[in-house]
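The block underneath contains the structure these notes are about, expressed in structure tokens.
The chains carry the letters A, B, C and D, assigned in the order they are written, with residues numbered from 1 in each.
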């Protein structure tokens, strides 16, 4: 890799981290139920797509976990454990794939592929 | 009014305040653009509708203010000044109408009608 | 009560609700540990005291719940279940006491006293 | 660099991004005034320090911008434009320095040094 490639690779990795941290702390806590889950997934995708360098994003919220955590009013709050996120960020020629998924009971943010 | 009516009236007013404070501090800061504004309005409505005692809610985000505040990446963040919210909360027989609107350059939360 | 008293009473109740909803959705999700709990309690108090009509506020975060929920990195996120809040809001001559506490496993916001 | 060094370097960059995105979207929107700014700066530092791989963090909130944006109640909300953050994240032997600062009127998150 030449310097410019190193630079865009590192910037892409950094930007991927920013997006995942932002998404998580902006939207966890949102009231959510089986009825409203689709609109929340979609709005999170559309919101984060606005941010620089985002190529694509898929947000899935675990409906089973919502069901298990419903309070007596029929809803719960979005938590990191419910989130499955696949994100692609592109800077220059480098595409970074990263996401959020639950590993060992912890919502882990991780790089999955760089190309 | 008898005691039960007073109680449900006050509870309805209290619950209306909770919903507006929650909505504001959950969703301001979200990245938003002319392309994503509809999905965010809808998701906020569907999210807050989950909360107890909410009868109906309408959320409008000021598109002109979004346009005026676009950064060089083509988006901005949702602020209180962009929010126009109409909320109806019902406890017992009392319906409270409240909302958020900009008054004198400040996003004011106010009761509009109790019935 | 005359009309002005009714009005300030209702406004005080409404304002109390706003503050509790705001506090909850602004600060839940914050990383917190036994080492950082004091600074977070204090910052939440100082932040919410800025809002109009707040006379006083006490925020306690349940240290036992933090301990029980520590992840492998030694911290957790602030949840509603960890919050014990006592708030006094004053409008005109009416003081409203309200708070957040866990009732039946749910973080309940409630009015406790109006004077 | 060998593979392990590349890996820890990239992970450190990714983790730095996560922390800045998280900090920004967790704490912007918080009510803040000249009186409460110190407690908020300190609580943000202590909160983010809990997160994995954080070596050190300094958070400064621009007091002049707070003053300029005070509403008629004597406070404002924390925005990205008020934030000056210096963060060091360490993974393996790699330390990444990154931060938030205002560039051309936009709160920019950037890598400053990798060692």
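As a working rule, contacts are C-beta pairs under 8 Å (C-beta built on N, C-alpha and C of every residue); 3 or more make two chains touch, one makes a residue touch a chain.
Just so it is clear, the structure is predicted and the values come from calculations on it, not from any experiment.
S.K.: Would you mind naming the chains that touch chain B and likewise touch chain D?
M.R.: A chain counts here if it touches both chain B and chain D, which gives A, C.
S.K.: Please name the chain that ends up farthest from chain C once chain centres are defined by their CA atoms averaged.
M.R.: It is A.
S.K.: How many angstrom lie between the CA centroids of chain A and chain B, rounded to a whole number?
M.R.: Result: the chain centres lie 25 Å from each other.
S.K.: Give, as an integer number of Å, the spacing between the C-alpha centres of chain C and chain B.
M.R.: 20
S.K.: Which residues does chain C have that touch at least 2 chains other than itself?
M.R.: 22, 25-26, 29
S.K.: What does chain C use to touch chain B in their complex?
M.R.: Going through chain C, the ones touching chain B are 9-11, 13-26, 98, 109, 111, 114.
S.K.: Flag every residue of chain B that touches chain A in the complex, lowest number first.
M.R.: That would be residues 22, 26-27, 29-33, 35-36, 39-40, 42-44, 46-52, 73-75 of chain B.
S.K.: Sort out for me which residues of chain C touch chain A in the complex.
M.R.: Listed in rising order, the residues of chain C that touch chain A are 25, 28-29, 71-72, 77, 80, 104, 106.
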